[in-house]
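Lettered A, B and C in written order, each chain numbered from 1.
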Amino acid sequence: MTATAAPAEPVEPAKPAEAPATDLVCKGLVRWHLIMAMFFMVTAMTWGFLVSFQFLGVSPFEGIEWLSFGRLRLLHTNEIAYGFLVNGFVGCMYYAVPRMTGKPVASAKLGWLILGVWQLILVLMSVGQLLGYAQGVEWGETPTGFAPGTWNMNYVPVDFLIELGAVLVAVQFLTPIVKSIHRHQYVSLWYLSAGIIWLILTYVMGNTLPEWTLPGSSGAATAGLFIHDLVGLFVTPMGWGLMYFFVPIILRKPIWSHALSVIGFWALAFFYPLNGVHHFLLSSIPMSVQYGAIISTMAVEIVVTTVVVNFFGTMWGRGDALRTNLPIRWFYTGMVCYFITCLQCMFHTTLAMQEIIHFTDWVPGHAHLVMLGVFAFWILGMTTWLWPRMVGSEWHNRRLNHWHYWLTVIGLLIMFIDLTAAGLIHGFMLDALSPWMEIVRAMHGFWAIRTFAGGMILLGQILFAWNLWKTWTGPKKPYDYRVDLAVAADAGGE
Amino acid sequence: MLDRYTGVLLFAGLGCFGLAFVLSAVYPWMITDGTRPEASIEAVATPVTTEFKQLKESYPVAFAQAFPRADECLTDQELVDVAADDPRRTASDGAWGAAHAVALRAGRDEYVGQVCWHCHSQFVRPVANEAVRFGRVRSAADDNNELQRPVLWGTRRVGPDLTNEGGRRSNDWHVAHFWDPEGTSPDSVMPRYTWFFRDGFQVVRGIDPELAARQGLSSEREYAYPGVFETQAEAEAELARIRESADPNLKAETARLRVVPAKGPDGDGLAIIAYLQWLGTWDASEREETNQ
Amino acid sequence: MQRPGPLLHLAVIALLVVPAMLLWGHPQEPARAATSGRRQTITLDEWTTSPAAARGRIVYDEYCGGCHGTAGEGDGIAARWLNPLPRNFQKGTFKFRSTPSGQLPTRDDLDHTISCGLTGSAMPGFPLMPSQERRDVVEFVLHLVTYGLARNEVEYLMDEEGVSLDAIRSENLAEIQEEMWAKVATTTTIPVPTAPPSTPELIARGKEIFDAQCIHCHGATGRGDGSSSYALRDWKDAEIRPRDFTTGVFRAGSTPDDLYLRLRTGLTGTPMPAIPGSADDIWAQVHYIMSLRDPTAATPWVPSGCGGLDPEEVR
């Protein structure tokens, strides 16, 4: 963090100078959704950090059933998916959608209702899972509701409430989009509206069919479809849509190719959902379906290339922003991670690699790279950019944001490399018929490094959450909108 | 120029979703499980595993509390005096099946609720020497039953695969392992499942002091009788019963009986052990020809 | 603008150090129980040890000590839950052997037990353990066995003949060592003749012998429910139950050859004696016992080469 002079952002008079958001945007909703997103990010990562000690032979809550390893591990993934990602995306959409459509969302009151209902759902989900009423569907472990039998937590229909919440979100955001249908529809709106509708469909499918109708291998095919649809048809379009909105805004230059983004959209819609079965390769699901999933997984890499190319095309000539502009740095890092993730995906979906890396730590490594390294990084970038505008104040402490960035990125890098290496070793030891406990002993060191990396990431998020809170509640300081977190300004300000 | 087609977005998006659903869910279902209805828990529980019967012998009190009709389930010991054509034998078979079905359902729910399936897979692949390590490769017919709905294949192996776990280890091993995995598998990272255990009282018999001296064993050694009772009074009653019904040759040793505080698996513990001991024992071979 | 205080730097350092401490603090060196807390005697460490046994001791601590205890006395931390109890190696009593009653098992016998486990008991198999490591563990087990037997000898000398421990150490120990290892070296294997095919006549003959000799314990239907079956005690005074033949599952392998050896050698330390008679008589009993298996009983999976029944065959 060297001190250099000069603010970073050249002001372009051609565009309306960026002013604090108008009444179009309900800032309170953005603020609260982002705060809740960070809250769940920190809690979910705390659970992840704590359960990682189990791998070192230290039980964090020895002998307490509802805080046992399995239960907390559930919260780690589910609170990230439904707590952090959903809150983060919805918060950013409250800013992006009205500004793209020129129309306010359906109703601010509805917005506060959604906010409350969603947090209630998350609490119920967490309590249900802690008490042992998880559903046996990966990423959909939310308690089912309507279970026959004696009175228990399953009567709290969390699945149904999530569905209801998703419908309310759809009403909220599709209203301005439909109202402005006659106008030019920027590609982000395509992504966002499709993402909401796909979320509703995916959720219904994944949480009903494997639970109530389809057993065994056909259930696994559907569960795989659900896992991947949730990532590919909800998280991905939301992330892409918001990225396509925020990056040009932050850089103040148009997207490199609108056509490419539209091609990306249709290719995403076509190829992504066909991937599902690649979570259960070399299984008793028909081989034709498995081959299809492999081929479409590879095709997705082409789709992803459109986004990567488009982003770097937009960045072309603005490399200086990487140095001076923290939000763009988050997006850039996320995009690099995205490219690595998807390239990795293309190779490890092949049967030859599946034989080795399936069931190993390679997979958590991959999952952390895509969920944290890509979509969470983007949300963090958007939050970093939005927050001073939403609370109308200079950051409490800019330096903490840089700590946040470096701790998170370095932590993730360590974790990814560590888990990938661990996965390869685990896989080859399995193949080589090493005794099971030998494999576990070989993993101990890797797991210790993972805990350390997780601690770094967690610390970064805590610093950031604290900074958010202090910025909001502390004394208001004027914010220079032409400067986006330039290190230079930070040094100059002191 | 593509703006004109905005209206078809929704339908195209839904179409792609539907296409994927048909190809990845409906089609696999049609050619694997679609031709045969899934087997119910009652059906897969009918061949009662030896280990489940042993659970009643080892932990009679918890067993009776956890499973309905447990008193009708006759163990080998109780069957000694029952004639081959006695209707109690048939009743016992039915009761065993019913208790086993209840245990399997409860055990599956524990397996899901304790999230065992995040660290253990039930999915032996035909590659990577897995059949050598874990046993028979999983077929679609094996999974076409109610206990695999939702499917519990899992995607991660922090611990070993459990597909063919049934009968590989004894109930005692599982009890010891749930109490402290590092006991049976030093360096294991599995958590302790101490909440599968409850406190109570148990009847024990001290070792014959003469024999202990002769064999060089500790004279404080005690052997427990099956059954961990909730109250001391119940255990005392059991002690009296054992003393009463002891074999004439063993009258002498009943003097060394006493009641001590003890721990034993509770209903949840028995259920999950029953489930583990069932895994891989259900014979789906006659269902196999309909699958590819 | 505030600068992050020293607190932050402290937090980062703590984050670095704490997991590292946990990592290096983790491997638990099992506290090696004093082999006899009860009295002064020779110690496990002064007993002769071969390089193989020393290597085996490391493997033993990693895989066996939890149940069998670090000194092999069958008193590991998991032992309290197990019935039958884990073997006390220091007593030198082994059920599953290919050697006549009264002898120690051969190295191959122990190796077979380690690689295949004892089905239906808490002893799991370790089929994937490299054979060299298994051999090393066998050496360490024999080390424990000979040590335990020698300790008996030493304690006998001390108690009955009043020899001091120091005198034993300087004068008798070498001789005792030689004697104990001779026991290991001089085992003889009982040959298993080729099994005749199972015929109804052979089974009928087996039933005849069985009804005359075995039903008091094993019961008329072979369910292990004979009239005296609930009053049996093993050498440790623990309750022991006769095998239920209808399960078709036997501790140390379910093939005819395995059963032949069980009958021929008996199960030392239990009420099950070595069965006398001609090989044909034994085979007749073996085939009768195998015919008692309930065809609907589940066949647990056992590693190949461990005497499991072929599921296709028994179906």
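By our rule, contacts are C-beta pairs under 8 Å (C-beta built on N, C-alpha and C of every residue); 3 or more make two chains touch, one makes a residue touch a chain.
Keep in mind that what you see is a predicted model, and the values were worked out from it rather than measured.
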Overall pattern in which the protein chains touch one another (line/ring/star/complete/other): complete
Chain whose mean Cα position lies farthest from chain A: C
Centre-most chain [mean C-alpha coordinates]: B
Centre-to-centre distance between chain B and chain A (centres being mean Cα positions), rounded to whole Å: 38
Length of the line joining the C-alpha centres of chain A and chain C, rounded to whole Å: 53
Rounded Å distance, chain B centre to chain C centre (Cα mean): 25
Residues of chain B whose C-beta touches two or more other chains: 132-133, 182, 185-187
Chain A: positions in contact with at least two other chains: 56-57, 433, 436-437, 441, 444
Touching two or more other chains - residues of chain C: 62-63, 128
Complex contacts: residues of chain C adjacent to chain B: 27, 30, 38, 61-63, 65-67, 76-83, 91, 119-122, 124, 128, 152, 155, 219, 223-225, 228, 230-231, 235-239, 244, 247, 249, 296-304, 315
Residue numbers on chain B that touch chain A, as the complex places them: 2-3, 6-7, 9-10, 12-14, 16-17, 19-21, 23-25, 27-29, 31-34, 38, 110, 112-119, 121, 123, 125-130, 132-133, 138-140, 142-146, 148-160, 182, 185-189, 191-195, 291-292
Touching residues (chain side chain C, partner chain A) in the complex: 1-4, 8, 11-12, 15-16, 18-20, 22-23, 26, 62-63, 126, 128-129
Residues of chain A that touch chain B when the two form their complex: 54-57, 59, 62-63, 65, 68-71, 73-74, 132-138, 141, 181, 184-185, 190, 193-194, 197-198, 201-202, 205, 209-225, 229, 233, 259, 262, 266, 269-270, 273-274, 276-277, 279-280, 282-286, 289, 292-293, 351, 355-356, 358-360, 363-364, 427, 430-433, 436-437, 440-441, 444, 447
Residue numbers on chain A that touch chain C, as the complex places them: 53, 56-58, 396-400, 403, 407, 433-437, 441, 444-445, 448, 451-452, 455-456, 459, 463, 490, 493-494
